[in-house]
Each structure stands twice: as C-alpha cells, then as structure tokens.
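Two complexes are shown next, each including chain A; its partner changes from chain B in the first to chain C in the second.
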Partner chain A sequence: MKKAKKEMDPEKMQSLLRNEKAVKGIAGEISRLAGKHGARIMHVCGSHEHTATRFGLRTLLPANVELIAGPGCPVCVCSSADIRDAIEVAKKGAILTTFGDMMRDRTQHGSLEDARATGADVRMVYSPLDAVQMAKDNARREVVFFGVGFETTAAPVASMVSDDLPANFSMLTSFKLTSPAVDALLASGKHHLDGIIAPGHVSTVVGAVDWARFPEKYGVPAVVAGFEPADLLLAILKILQQMKAGKPKVENEYTRLVRFEGNPHAQEAMRNAFDVKPAFWRGIGMIPDSGLFLKERWSDFDAKRKFEIQSSIDSEKDLPKGCHCDEVIVGELYPNECPLFGKTCTPASPYGPCMVSGEGTCYIWHRFGDPRELRKILAGRK
Partner chain B sequence: MEKRVTLGHGAGGKLTQDLINSLFIPHLKNDLLMEMGDSAIIRKKPLRDRLAFTTDSFVVTPLFFPGGDIGKLAVNGTINDLVVAGAEPLYLSAGFILEEGLPFEDLERVCVSMADACNNGGVQIVAADTKVVEKGKGDGIFINTSGVGLLRPKARIDPKRVAPGDSILVTGTLGDHGISVFLARQKLGINTNVKSDCAALNTLLLPLIDKFGGDIHFMRDLTRGGFATILNEMAGQSGTSVVVREDSIRVLPGVVAVCEMLGFDPLYLANEGKAMLAISPDVAGKVLKHLRKHRLGRNAEIVGQVDQAGEGKARVFLDTTVGGTRLLDRLLEDQLPRIC
Partner chain C sequence: MCLAIPMKIVSIDRNRSLAQADALGVTRTISIAMMGDEVKEGDWVMVHTGFALEKLEYEEANEILTLLQEVAKGD
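What follows is the complex of A and B.
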C-alpha cells in the first residue's frame, strides 16, 4: 500500500521557492521561450509588484518580457471622495479606525494623517475586529472602521457583519473587485496584453474560475500565482507556454492555497453583506460591477447614513494636477517616466496616490529601483 | 495649510532629516554639531585626550519588553553611541521626564536596570535631573542620557575614510529589538522567543579599535532606521556605493516570521546591540574571527563591499537571495514608531 504524500513544511517550501538555482532555471526557460517576440504580461496585485521588484526579478528576465503592474493597489484606486468622507466622520467626533496605508493617502482636502495632527481621533488597526473591540471598550463613543481593499479585505469584513455588532460601531467601505477592472481595461481595446497574472490572495476568495473570462472573451491566458519569486516566474513561464501552444486558458499555479472554485464560505459572507454595483476607481473612472456596497439591511452600520454624509467625485480622473497615476495604474507608463517621480512626488511626501502605499507601483519603484537601470549597472559590474 | 509636526518627523528617515536641516541646524549650528557623528569629538586643549560627547532620548513604549526596558536602553544606547565613535564611555547624565501617577515600583525597576547596565558597561551616571508632567501629558517615563568618553588613541573612525573595496561587516542578527518591542506593545497573540538584543558594545568593539586601529574606517550601531538606513548614510557621507548580499544577512526565524506576516523589513528594524563596520579588506577575515569569539559577535558576518559611486550617485544595492539585484534605499516611512 502506498503511503499518503506528506504535505511539505511551509518553511521548506518557501526556501525552495526562493532558491537561486530554481529561480534562475525558470528565468532561463522564460528567455528561451520568449525568443525574439517577447511578451507583455500584466499582474494586478501590489504584492506581486513587491515580489517582482523586491527580489529584482525583472533583472533576471529578458528585456522583451515586460511584466507590467495593473490596477492592483487598493489605496491607489480609492477615490478621494471616500477619503474625504472618512476625514469628515473623524472631524464629527468619531474614533475613525483604518489600516496604516490609508493614513497618508492625499486628496485636495488633506489626508487622515493631517486630520489626526489637527486633533481628530484617527487610529490605526491591524484588523477590523480590533475596531469592533474598540467600540465595545468605548461604549460612549462612535467607532467607525474605514475599510479599503479588494476581495481579500472585503471577505473578513463581510464575515463579521451581523446583528451582533455593537450599536456604536459603523463602517465606511471602499471595497472593489479585481477582475472587473482588468475586464474593463481589455474591453476598452486600448491595451494589448499577452497574459494576465491573477492575484493569489484575491483568488483564494473568488477562485481561479473568476479569471476564466479572459481566455474565453479575449483569448488572453490567465494564471493565478503565489507571492514567492518562483511563483511569479512560473506564472510567466506558463503564459509563454500557452502562447506557444496557441491555447489560452486559465491555470492555477498557486494550488497550495487557491481552489478552482475559491472559498464558498467567504463568497456567501460577501453576498450576505454587500451588493455588487458600479464603482469609481481613482485614475480610471466608473467600472461596472466592480464595487461592494453594504446591503440596505445593514444600513444601521453604514457610517454614511449615521453621519449624514453626501459624497461626490471630484473630477473625471480624480487626480492632482500633473499626476500621471492614471497611466501608471494601467501599465501605460513606468513610474519614473512621470516627470514628478522622485522630485515633487516621493514616498516621504507623496503627491499622487501610487506613491503612498507599500503596494503602489511608484512607491515600490522608488524604493527598490528601476529594473532597466539596474540591468545596465549589472552589465557594468561584470 | 499650517505646518505641523507629525509622527513621521521622529522616524529617523527623510522627514527627520528635513526637520534637522530646516529647523534645528539653522538655530543650533556649531562646528562640532555639523560633523553629524554619533558623538561629538572634542579636540580642544587643555584636554590631553580627544573627548567624545553624545546625547539621546528614550520614549519607548511599553516601558518593559522581553530582553530589556527603557532604563537599560537609555544607558546602553548612549554607551554604544560613544563606542562606535571609537571612544571608551566614562560618564553619563540622565534626565527623566515622568508622568504623574507612575508607580514607584516601575520607576525602581527602571533604576535598578540602569544601575546594572552601568556596572556592565563600566560607566557612571554623574548628573541627573527629574521633572514630572501631569497625567496624560507624558507616557510613564521618558529618559534622556548624555555621555562622555575618551577616544582610543588608535581610533580613526570617519565616513570619509570609507573607500571602494572596503568590507562591510555586521555583528549579528538584525531586527530583534524592533520585533520584541512591537510584539510587547501590540499584544497580537503571536508567541515567539524573540528578545531585544539591548547590550553595551564596548567589550566587543573597543578591543577591535586597539588591535586594528586605522583599518577600521566606519562603525555605527544599528538603531533607529536599522542597517539599511545606516548604510545609506554611510554611502552618502563617503561618496561611495555599497553592494550587499542578502543571503549573508542573518535574521532570527522568529523575526522573519513576524516580518513576513506583517510586512516589516528586518533591514530597517531597530537593533540595540548590533553594529556595522566598514574596514580594509586586508583585515576583514581577522576582524570577523575576532568578533565571533565574543558572545555578542558570534553571528557576525561579512555582508558586502564598498564600490565606486556610479554616475556620482552614492547608492546601496542588494543582491537578492534569488540572484536578482535591487536598490536598498533609505527608510521611507515610520515602520515602527517609539521603538527606543
């Protein structure tokens, strides 16, 4: 009788996925398959951009295999109207809780950090449950959780929405769905892509199945990928293999966490808490069926109702003057091709939203360097 | 909008630098301050020896954490600032700002811990001051310590002496202190055995100065902003570039785990018992051997090399574990405020 296969210890798995020999082997195979035609591949996740740049993966890829960052940073696409609402709630005396990333996102009305410096009670939390606990501990204060994110953040928030929430707790949400945004890019006909790397964490919720529309509708391969260096390179390799075979399909590289159908419990919780409606993406505009909004039945926990806030979008692109985040966010422009990059717009003093968060493409490139320039320096070293 | 101080101004990164350059320097400027070392080196007569003088304030929260407390930190922090300038620490001053309502027991614990640290570090606190502020206007205890020491005769530590070819050494694992304080503060329910590395570095580093003297070009303790920030400061001050090999940097598994979970980078986390050195490559092997013989240096490692600054840009590059290359830039944000 055969023994059941033992699951690999996560630490061992990680060291394998960060093994120099393995990574360079995959990169070599990518170079061979890319040949002269190359490929233009988009990922839609700040964590993928982080892995690619933090490990210097692009310095291992041939120049004609372009890995571009799509709209995968929730802070970057959060509208300034949503941030303004949060500032207003904080100024009305509530304890406004949010994730650290949102503190510095700027709008023409300032940032939450500015609001805090002028006396508003804005607090960072690591989990929405901390905000609920804070409401229980501060029964005489209103506590508001400002939730910004994609499916990965929306699902845990959805799972805590119930009649058991304290009455002095409410939420401002700016939750968005990833694949409809990529769909909108391709539907516009303005963007040529040879492949899509689907975000692993988002796909734990929505499943690989959510990305099947891309091979079906547009003939573009889609591969769900994890966040280790070898994960990302394997996804690129799989896309090149599909291109060569001429058979685009959806593939799951991240099988150790993602199921084809996703997580039905998380999906059920989201259906219970939210309605899917059109949503405004900063730098892009309105995208159909791309936002999650608290259902009418939970309106007691809707901070917009509670604090009587009316919001409206500032402008078509919703960006400060001269900011090119709209082009960076859809992969049309590399961050350092923006004239403000590293000059009037830096991580210490961000001007545009893509320079704010650790998941923003401009921030990541400012921190870890332009791979094209690094390639040149490496060539000089040898 | 009216300009106000935010938490970022105390993070040791770009904003702090801006604050120093635009506010403190214009008002407080003098020749010694402008050398911007970890200690001021006083060359004036009638002192026969060169005197080192430094100050530091401590606002860590919580006051007590695995591996140390604010008192131990305040003594060792100032000792280490003197030591990395090449000085033997001698006398400290201590200024306390206490919050009304602080239990005597806590204050006593901190004082005992300071006395222990003084004994271990061979220093005396020769001047002290206490102030009390109303409840809610402080956070238990804040401490300022200043220290003087005498430079070792052979010490020639100066970033301008850092040259292409120099070896970069780190004396141990990175990030222990930052993660220890963070976990003690946040109560995330994460169990690790990570303890602060808070320790006096005089017995580790001063013998090196005596033995290798002028071959040691640069030393810094890796406190706020961590290894990456100090490396960038060194590159900027010496007009060189540095190439670091990621796989040679040691980080404890518990620190790696918390960093992976919460998105911190150990290269930017504070340490309170670690230093980096830039030394002549000829003595690198010997210095490494010497460091590893000491309890506080047994995880020492050569982690990189100084290079010419390409196109006049002083930068730090990291050759990553998978063989790629990227920039290792300055601290950009407040990873963990109030860590020391």
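What follows is the complex of A and C.
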C-alpha cells in the first residue's frame, strides 16, 4: 500500500526552519567542524543574502567561515545597453511593461522611471502574463515586455512563447544563466572559493545537476539550499562535511522543492524559446554561454527587430564613477566598504545598481543589516 | 526577483494551463504551463511571477525536518 502523504503546511515548516534552538544547533556544529582552516563560501542569490542578513546568520558563524554574496541579483547585472533599449522602445510609442525593480535601475541614459516622467508609457507588471493580457486589451497598441532575470524568470517567459501570442506583443529580454557566471569566476583563477550554495529557486528549473560541474571541474562542493535560516546553515554544514571528507560533490538540501534533474517542462520551454549565447554582465563583462536570446523562429516577437534597435555595450565595467558594484557582486568587497554606501547611495536614492533592487547586496545590507554587526564582520575580515 | 511564494491550488483549467491558487486567503490566477499533468487540486506549488515553478513535497523533506525537530527539542 502506498504511504499516505502528509499534508504539507508551509507555516509549520517555516517556524521549524526558523526555530532558534535548531538554528543554533546547526551553527554549533558548523563551529565544531570549521576547525582552524575555515572556509570561504559563496551563494549566488539575492534571496539567500536577504535571509543571511535579515536573520544575522553571519554573527552565528565562526570568524573564519566567510559567507559571501556572488552575482545573484539580475537587476544589478543587467547592462545599461539593455535598459537603454527599453527606454528607446518606450519612446517609440509602445506600452513598455516591466517588473518594478527595473524602473529605477540607473544608467547614463537615465532610467525607465525618468522616461515615464517625460511622457513614455512605462507600466509595472507583476507577471509577464499581465503584459500579454495588456496586449489583448489594447489591440491597437504595441505592448512590449522587458524581462530581466535568471532561470526563474526566463523559464516562465519561455513557457509563454508560442504562435498564440498576440501579434502586437513582443519582448525585450535580458535573461541570464547563473551557473556559467560562477564558473567564469572560478575559471578566471582570481577568486578562491571552498564551497558554493546554489540558488534554490533557480535550481527548481535547472536542477541540482547543473551545479555538478563545480565539484567535477574545480573540486568545489556545491549544495542547493532553500531560503530559511536553517536551510542556509545546513548547506554550509554540508559543505564543511564534504571538505572534511575530501569528497566534493553536489548535494540537494532543498529536497522539498528541487528535483535533482530539475523541471523537465521548464527546461524544454527554454530550449524551444531561446538560444544560449555569450552575455554581458554589468560589472563583470562578457561571460560565455551565460545569456538566453530569443530564437530566430520567434523573431516576430523580438522587440529589437520590431523597433529596429541596435544596441551596444557602453563601457567595460558599465558602472557609474565611484561605484564598487563590480567588486561587491563577486564577493571581493562588502557593501559598507564602499565609500558611497549609506551616504550618496541609499535605497531611497540609489547611485549604483546594487542599491536598486531588493536582491542587490548593497540594498539588503542597508535595509536589514545591523550596522554594529556589519562593522564587526568587517573588522574580523581585516 | 527570485522571490517565490508557496500557494495552494484551488482549481485547474487544464485547457488553458491556468489555475486558481491561494496564499494567505488571497486567490490569484497562475500559470501551470511548466507543471505538465503532475499538479492537481490541493497541491502546494512554489509560485514566481505568476507561474508555478515546482511542486512542494513535504514527504521528500522529512529527513531534514525530522532532524530539525530533534535538534529543536533537544537541550
């Protein structure tokens, strides 16, 4: 007989994953295992940074176990060329729809918010489905969805791509793949990492299997983790256990959601809609095989074609003068080490891209970090 | 933007790959285009930008939850 499934109750689960005793128990185990050597562990997800900072997880870690934030914020790494394209499309009279975060992302060409203030029809949507609906409701207008994100956003958009899309709908996309970015960091030889915490929701799409290249190529453990405090700490613990055993592998801590092989329907939708090509990451530069671009077969829905837009990358780093996002997004600098942090650059008035989005490391540290704790972490690092 | 929330499927429109799903008493229309035939009423799914990304399975997680329950109870 099949075992009856227990009713899953996310609230109960959440309280357990935040239980102080449980969290401190895992942290104690981490301290015991860290030994003299410690570890430098990178996560690649704004939501992981949110959990780490909001719950003060770094204060529970021994000083030699460093948890750093990698390139895990799609708004932060979206090139200003892509934003300029969106502004241009909006100025050509289309209804330009996008996620709220993209409105304020600043470039030397201004922001979409500025474009709206000067009369362009820029509208915020919660879901790309809303943009398609808007096209159906406004048959005489062109409606463009400006989609920015990682696999978690790219897969949903891919699943909409079909001949059924309205003819007055098109899209501008800036979709990126996460694991190739981490791969590029390690391949450059400039960054030392002892472990990678793989992003839970990205991994629902690509699977834990997508992170297997790190133990295989670099001997670096990779653990897929969920977003509660205990999830993150368990991932760190698993990395330390692997280091101790000397057997790096890929592990899945987020089994309640992530399948080892990922979501086959989502992967198929992405293969149908996009080609994988090199892409430009703001603050990092070109990364091979890290971008998703609409296939030729769907060029009718490509807003760049429709509106005849030629884009080009602005500059090597593509950042405003004095902004250190290039170092923040690869974990070489903590946000409060940037001289502009909290002064000329705040969530209310962001100067650099890492301060714009709720997933940007600078934003998260400013909004949720306890300044005393942040100073202590900094002192421990020097 | 990778923020996702768990929602419970209330009803399904298979022809259009849409579902009504509920979180904290708020019901929304979501797409289940990436779920194949695997999802049914009463299931919990993780929803991101209006799309179900994957099903949540309590059973699968038991190992970790049991471990946590033990640590949480212990002294």
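By our rule, the second predicted complex is superposed on the first by the 363 of 382 C-alpha atoms of A that agree within 3 Å, B and C clash if a C-alpha of one lies under 4 Å from a C-alpha of the other, contacts with A are read in each partner's own complex, and residues count from 1 in each chain.
Criterion: a residue touches a chain if its C-beta (ideal position, glycine included) is under 8 Å from a C-beta of that chain, and two chains touch if they have at least 3 such contacts.
On a predicted model such as this, the values are computed, not experimentally measured, just so you know.
Touch criterion met: A:D114 reaches chain B, while chain C stays clear of it.
Once chain A of one complex is fitted onto chain A of the other, the partner contacts of A:S299 are absent, as it touches neither chain B nor chain C.
Contacts of A:P229 after superposition on the shared chain: chain B is touched, whereas chain C is not. In the superposition on chain A, contact is made by A:Y126 with both chain B and chain C.
Of the two partner chains placed around the shared chain by superposition, neither chain B nor chain C is touched by A:S188.
Between chain B and chain C, it is C that contacts the larger number of residues in chain A.
In the superposed model, A:L57 makes contact with chain B only, not with chain C. Residues common to the contacts of chain A with chain B and with chain C across the two structures: 19, 126, 230, 358.
Of all residues in chain A, those touching chain C in their complex are 3, 5-10, 13, 16-17, 19, 21-22, 25-26, 45-47, 72, 74-75, 99, 101, 126-130, 148-150, 152-153, 155-156, 159-160, 199, 201-202, 204-205, 230, 234, 253, 255-259, 263-266, 269, 357-359.
Here chain A touches chain B in the complex through residues 11, 18-20, 23-24, 53-60, 104, 110, 113-114, 116-118, 126, 229-230, 346-348, 358, 363, 366-369, 371, 374, 377-378, 380, going by the rule given at the top. Within the complex formed with chain A, the chain C residues making contact are 1-4, 6, 29, 31, 33-36, 44, 46, 48-51, 53-61, 63-65, 68-69, 71-74.
Residue ranges of chain B in contact with chain A, taken from their complex: 1, 4-6, 8, 13-15, 18, 186, 188, 247, 253, 262-263, 310, 317-327, 329, 332-333.
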